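In what follows, chain A forms one complex with chain B and a second complex with chain C.
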Partner chain A sequence: MAVFARPRQAFVIAGVLGLALSAAACGTGNDKGSSSNADSAECAAYDKYKGHDGKKVSIYSSIRDIEADRLDQSWEQFEECTGIDIDHEGSGEFEAQLPVRVDGGNAPDLAFIPQPGLLKRFADAGKLKPVGADTKAMAEQNYSPDWLKYSTVNGTLYGAPLGSNVKSFVWYSPKMFKEKGWTVPTTWDDLIKLSDTIAASGIKPWCAGIESGDATGWPATDWIEDVLLRTAGPEVYDQWTTHGIPFNDPKVAEALDRAGSILKNEKYVNGGFGGVKSLATTSFQEAGVPITTGKCALHRQASFYANQWPEGTKVGEDGDVFAFYFPAIDPAKGKPVLGGGEFVAAFNDRPEVQAVQTYLASGEYANSRAKIGDWVSANKQLDLANVANPIDKLSVQILQDQSTVFRFDGSDLMPAAVGAGTFWKGMVDWVNGKDTASVLQGIESSWK
Partner chain B sequence: MEFDFAEEQPKFLMLMYGLIAFVAVVGGLLLLLDVVPAWFARRREAQLVAASASGAPLPRRRQREGFLALFFLLPTLLLLVVGLVVPAIRTTLLSFMDKDSDQWVGLQNYGWMFSDGSIVRVLVNTLVWVLLVPLVATTIGLLYAVMVDRARFEAVAKSLIFMPMAISFVGASIIWKFVYAYRGDEQEQIGLLNQIVVSLGGEPKQWLLESPLNTLLLIVIMVWIQAGFAMVVLSAAIKAIPADIVEAARLDGVTSWQMFWRITLPSIRPALIVVVVTITIATLKVFDIVRTSTNGNYDTSVIANEMYNQAFRYGENGQGSALAVVLFILVIPIVIYQIRNLRQQREG
Partner chain C sequence: MTTTTPTVPTGTQRTGATPTRVGRVRRRLNSPVASLVSIVIAVVWTVPTFGLFVSSFRPEDEIKTTGWWTFFTNPQFTLENYQEVLFGRSASSGQLASYFINSLAITIPSVLFPLAFAALAAYALAWMNFRGRDWVYIAIFALQIVPLQMALVPLLRFFSAGVTVAGVQVLPAWDLVDEQKFAQVWFAHTCFALPLAVFLLHNFISQLPGDLMEAARVDGASHPKIFRTIVLPLITPALAAFGIFQFLWVWNDLLVALIFAGGNDETAPLTVRLAEMAGTRGNEWQRLTAGAFVSIVVPLIVFLSLQRYFVRGLLAGSVKG
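Showing the complex of A and B:
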């Protein structure tokens, strides 16, 4: 088979291809001009991060779209002043893709990991780099030990927290409460009394939904964790998340039944959607929306639910919707708060990577990000004046409150096979009518 | 979002590299294909000339040709080994190891698979899929092909049923999710199926929640996609039946029933087998439909979905690999059957 008429012709073509290839290689030199205003006054705050001009740091996270743009905006000045180029990439498949990238030798420099369980897996496998001395000092100065223990594996700190959210919130409509003469409950008993009052007025008081694509079930796990934290206390909660007590311990069963007295109560749910079974197929995004139409009065969901309301809904104490703290059962035991957040873990210990990691743990960063809007952090340096959104303000107040007993979302602490697997699936079965004991037994037997 | 060419420059550059690399590799191979045989031919020519001049016996050429064949097979072999053989062996080895792939656990992962109730359920679901989808899709495709054959609006009728083929599995699942969507009875229904039920005076149902009905409803999606494929292949086969056979049968006075069973079906048997085998293998691998519609909840999971969850979401590499191996073993007999059929056809 003679493809080319003459061998010479073939050589010419091959030669042209070679030329084109090298020409293309020359065209890539579009490095960003080095920092022009590195010595200006506003760059003074970044002095300690300097000396890495022109270096590149890659960050991988689950943050996308507008939130990702805000991230880029939040470290813009840092980049300008230090000359470090931060390259952030967000992925909707973060939890599945990160292990693939790390095992494939293509790990990012930094990753924002929202699951301490996943962080521990990487740390145990020796993939993560312990934080440098600067980062450690910065993290210990700005975050409470309650938070840092979740990124500490076998005594070694692997990263500082970044953003946070408060999950112990019940959303309601201040307008509706005012019209009907209801008051915001501050104890668990008041909450149940209020639910009964609302139910008697012909409205199903609670609305909920646990459908969330491939993460279906998680809103119910938050419910259980929040209730367990109230019925059994933080010590039992810690034992439960670390498998110090069995998953189906009687105390857990009690919490499940307590949550069930609301979630599986046909009188209480599911306002605007139907019966108890509609919980499983109602998406978490639309679960609270009936509050805006008066078909439901209460919706327990995290602070980040503020972004899910229909356009034009005013969030605030005097607005269309707002949230109150999910009350404690025994106020004497303090103010239990369930929450989540992400941790900045490093797969690389180049100096510029450590500089970025330290910067992200600093008060300057927290305030810079908070000013852009819609963001909460447990960073102690975060100035409440920089937090504009009322629900974020309330969250920061709760996180900075001395009486707060903070605990991290338990399903993120457990091994993924349980916390992102059988626990989620178990909750789906549970709201679908399966009994408490066999659901818990099933999850317990999957935890090896 | 605005599209900024300057910002997307790295991507275009990447695209250009990709194209150039492709052209370089293909061009290089073509060049080799041209140069190497020519070189061998010239050498042989010279040898022949030399041999005929000196009167010595002609040199043997077999060994050299074998070498040449190996040379051309090498890229294919290399790709097969790297892309198929090595991963298959590695997956099999991993299936005998624990979740972190550093300790041998023997048959434990396989034991888990057949003792854990939810996984047994997964295996049963897969079986239901594999039995139902090829059967129903092929039957519908065949009936449709026979019915519209030489009908008036054949082209239109065919494109109607073929169109779902152009939709991805994920897209199709989202479409059908709307068909099955549920709203409480005091709300307005947004799902087609529930709207029909309500307008007939019934109560809206949670279609995707009730097992085993939900698995059957997911199978409907797959059939909807695959029936078009079966129809197109079978229709082409029907058109290829020699006219003289059909005419002879007509002259003998067959009924249309006899025509179908005695003439059409035997004539298109090879095409039928190809269709059934292709759909069966596609069904064994089904993942997107389940993941998009229910994510394997409510007892609808299948092997491929569970394999992904175990290996990539739960970090249970051993269990995920064991599921992959079982899937592999299930596909083998079908492939062997297909190859034997092809061979028989070639010999026959």
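Showing the complex of A and C:
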């Protein structure tokens, strides 16, 4: 019903016309020329996905807007060569809508699920199809077991990862650091020392904001997870996210207090916005912006924050803003990295769906998507040369680094009632002045 | 609104009493204090909308860094937001112009179907005598308390899997694709609107004077004839009032459209598009200012041009009889 010609439709028409014309040309001339672009050299890489011409695969995800455009662009060549029509739909209500659609018998063929907890729920309910042999081989070849374990339920793999993001970043202004003679800290102690130096110069060093509509509180959960990974280590972190230890374990309380030594410190926050209480009312999209005006120096937020800077802000090591790795407390224990990503899970096992699922796990896809820009993946085949954006490059380097200890965002692993419910709300209370013990106790009692 | 009491025994007394009561209310509402209060309320209610309106003409950077009131000290005017949400060609900008058509394609049938069905049903329930009539009416009345959220999944299953009773397929699946999904939305909106529509119209139709119907029947008119020539012209204000209600509800609806129409550009209405326009992480929210006003235009026109009926229809139901 769309009035304007959709690019895909135009593309298909152009493709059909081109096919017909070239076929006609070949018919009259010599028989050497290829009759369609499906046989051309650049399509050779897609040979193993062929045989599903004219089939349609629907994908549902939470990716929309310009990133959705880029997705469409990233599999354009695949569609052209294999004849599979990929129909992507992104929605802001993805997490709420997907269960409704699945229960209503209207499930998409593939879904990009960013929460392993949600994926597990569908797998347990028997709604998801296990990956086919090809997809499994491709996923195991391209992704580390660290990643695959998040889409494995009871020993069965349900999907390969797609995009990823690195959350252990502190954004800063290289320009400001240079002017003031500050250096990028590489240990936790340096970070605190730097914060004190900045605070002494009259600027509140940190800015943060946890308002995010009905998801208010999530930026603070990332803070806690990142700090816990550093104070208690990955093993305790795993126990915590699977409820092997209670939510209010003393180690978690320690991490919370450690994060509080920055987040609830009136001397440190909230640069450009006011006191500690302004954390709860500052939207996460705007929380880091004071860095560009020199009212704040440090902002801990994921790699995807690169898209939030005001237009004209240059992101890069020599630009207006850049990020450094949120330092470890004990570097001897490796580099703990908190991150997130989405998994390609299938609700349907038609051959063309499996072909698309396999393709999305492949190195060709990762590179094709990375070339378009603003994308990070833990795919081992991803060539760093294809990643243009400096912050993405840094993310890929961190993800591919051997000493990296990667852990998935904990609130996405927990049951939604906790990870996307009481944990968020608890963090809002905590920022607003409630004490650590009663906040943790409240979240623990909600985890049944 | 009026203070008419049901205990007034005869018509003469009533016509004598009403003007003074109404007059008293009117006099009180005309006092300067009352005017002041109503002006304050109107201003308080309008300021946020006005702020949004002003914002929609400001450049992106300004919207994101300063409040709309700075427009008056530092006016910077641009139509870029509207240009972007209305005519942007990539999926990343608005394309609202094409979703506009989808919204109309969803809304108009979703208003006409329930109106037609409800008028017929209300007439039957009010003026045709059949066994169990009151029970049917009570059942319909009771259906109003079922929240539509409860019906979403069953209705989706009805469309995607059909109806199976004890292993026997009674109704087939609809199997709709692309534009055909409009039918699902019409169906859903009609279902959800009928209980209230039947209830409202029944109250209205049952209060028409019975002498009219009797006279028509004596003259040999059948039910269809009575409905068409007598009832329909008389209930126009009620139809218009409910039509506006339903139009505004369907136009502003996000939930039903999201579930039954999906988010594809073939069928998604304005509201679905608006909800996604801010981008994956909400960083393009300046577009919402202009988007909101684009989506307001049609309901505003409908409301302003039909508000005469709106008020008349609502009042007519309450004071008649």
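Everything below uses one rule, namely that the second predicted complex is superposed on the first by the 412 of 448 C-alpha atoms of A that agree within 3 Å, B and C clash if a C-alpha of one lies under 4 Å from a C-alpha of the other, contacts with A are read in each partner's own complex, and residues count from 1 in each chain.
Here, a residue touches a chain if its C-beta (ideal position, glycine included) is under 8 Å from a C-beta of that chain, and two chains touch if they have at least 3 such contacts.
Not measured: the values here are computed from a predicted model.
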{"item": "Chain B versus chain C as contact partner of A:Asp189, first or second or both or neither", "value": "neither"}
{"item": "Touching partner for A:Asp330 - first (chain B), second (chain C), both, neither", "value": "neither"}
{"item": "First (chain B), second (chain C), both or neither touched by A:Glu266", "value": "neither"}
{"item": "First, second, both or neither for A:Glu179, with chain B first and chain C second", "value": "neither"}
{"item": "Touching partner for A:Asp47 - first (chain B), second (chain C), both, neither", "value": "neither"}
{"item": "First (chain B), second (chain C), both or neither touched by A:Asp72", "value": "second"}
{"item": "Touched partner set for A:Gly213, first chain B, second chain C, both or neither", "value": "both"}
{"item": "Which superposed partner A:Arg101 touches (first chain B, second chain C, both, neither)", "value": "second"}
{"item": "Residues of chain A that lie at the interface with chain B and also at the interface with chain C", "value": "1-4, 100, 213"}
{"item": "Interfacial residue positions of chain B with respect to chain A in the complex", "value": "9, 13, 16-17, 20, 23-24, 27-28, 30-31, 33-35, 37-38, 99-100, 118, 182-187, 204, 206, 208-209, 291, 295, 297-298, 309-310, 312-316"}
{"item": "Interface residues, chain C side, partner chain A - complex", "value": "60-61, 64-65, 89-92, 95, 97-99, 101-102, 105, 152-153, 155-157, 159-161, 179, 182, 258-259, 262-267, 275-285"}
{"item": "List of chain A residues in touch with chain C within their complex", "value": "1-4, 6, 62-69, 72, 87, 89-93, 97, 100-101, 103-106, 212-213, 283, 285-286, 289, 304, 307-308, 310-311"}
{"item": "Residue ranges of chain A touching chain B (in the complex, touch as defined)", "value": "1-4, 7, 10-11, 13-14, 17-18, 20-21, 24, 27-28, 30, 95-96, 99-100, 121, 125, 213-214, 216-217, 270, 272-275, 277-278, 280-281, 415-417, 420-421, 425, 428, 432, 442"}
